[in-house]
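Look at the two complexes coming up: chain A is in both, with chain B in one and chain C in the other.
== the complex of A and B ==
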């Protein structure tokens, strides 16, 4: 891929949209794994969480993004420090919820950084969220 | 070592349109799409049951190759070929009705807009049925020694 613009990932989870949204936003620190295969494991610099009231995404006390859309049970959009945008939609499909994560604005990054996001970003994180949901269902 | 599955990687002039078409007409589930800065889908992944389908390409891909997708058939095992036929028809896509074949399957052939042939197939359990004599081109059954 020459210069990425966006990446969109779709997963399905066996709970309703309200629960999927709740787990995604309230248990982010548990499902979010920022390790890259083969790379040294980085030490967490603080708990990851969404601060709905303050419209912020936080790692510890540090603001790493700002929330621009918060529609409980339906949609969440936040912008990171590089001004790229993550749009997460929760839609019912039968007994499942379709979770669509789209990371846009990658054209604002260098081609190499954009490619890194494509390879190691939400495509992988979405799978971590999916696995986390499956583990919750089993336990 | 064990084989764990097979994934076709299909090239399209317009992978984004193919992704939408395969999702709408067949009901394959989109897994991911990678879009370049000009809005062109360059890579994509779909889920077909428990298996994956990958696709890529760019505008003019087949013109550069000087050909179209060849006569390869992609066979998808399903439990109800006729239900698939109804789905395809409801999506406004023309296809011949499913047929029982002499080689122990019932199948439905559908060609996608860029020319790939998809065969939705179910085993009949009849075994091979000889419909022609050997002189007429029928097949002689040969067992491994």
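== the complex of A and C ==
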């Protein structure tokens, strides 16, 4: 059981851990969904990327987080400006990679927090919310 | 809590309040329903502990609605949102990684 202020998501990807790590960290602009309807243009434009040398997480040129752990092919941990922590592990599972992402320290934010709305928020996810809640109710 | 959020209008209320507290009139406008239709939804959301209301100036028109930040149900609902957010992102990551790998090994 994870901490009350954390969420965890696990997926399996049909690539090896080294490739998974590389794609995750170097091609975030290709897979990360960063369109926020109604958000300022500035938010939509800046692509998220990791600056390994500078230990920074950047949106465009703006630093929005710090890299805490960078174990190539195995593990990546970064913190955002509110000190919530995202821990991503890449583990071999047969011919696949098990990717486990845990987002911790969420108790420092709240649903009423403006930043949480922009970053992870209600607004962006409204489209997926209905389906998600229905699945939860069924299970 | 799930029952309270099973209704699309109520989810829209939560979404609008996620951007900050709103007076009843502004909230109805933001949600896009008449104030009269909104009041019963607000009643459900208040009784489920997701939304709080404060009355300003002793005037009913001054009622300000807000997400209940300390409410366990509100926090859980929001954690579910964060989890759904990352599920969506990792799903996108998986699709991209597998597509990329296939093209590389061809």
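Quick note on the criterion: the second predicted complex is superposed on the first by the 96 of 139 C-alpha atoms of A that agree within 3 Å, B and C clash if a C-alpha of one lies under 4 Å from a C-alpha of the other, contacts with A are read in each partner's own complex, and residues count from 1 in each chain.
In this section, contacts are C-beta pairs under 8 Å (C-beta built on N, C-alpha and C of every residue); 3 or more make two chains touch, one makes a residue touch a chain.
All figures in this text were calculated on a predicted structure; none of them were measured in a lab.
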| item | value |
| --- | --- |
| First, second, both or neither for A:14, with chain B first and chain C second | second |
| Which of chain B and chain C A:33 touches, first, second, both or neither | second |
| Chain C versus chain B, contacts on chain A by residue | C |
| Partner chain in contact with A:89 - chain B first, chain C second, else both or neither | neither |
| Which of chain B and chain C A:103 touches, first, second, both or neither | second |
| Residues of chain A at both interfaces, chain B in one complex, chain C in the other | 5, 7-9, 11-12, 106-107, 123 |
| In the complex, chain C residues that touch chain A | 2, 5-6, 8, 11-12, 14-15, 17-20, 66-67, 69-70, 74-75, 77-98, 100-101 |
| Residues of chain A that touch chain C when the two form their complex | 5, 7-9, 11-15, 19-20, 23-24, 27, 30-33, 99, 101, 103, 106-107, 110-114, 116-117, 120-126, 128-130, 132-133, 136-137 |
| Residue numbers on chain B that touch chain A, as the complex places them | 29-39, 42-43 |
| Interfacial residue positions of chain A with respect to chain B in the complex | 1-12, 106-107, 118, 123 |
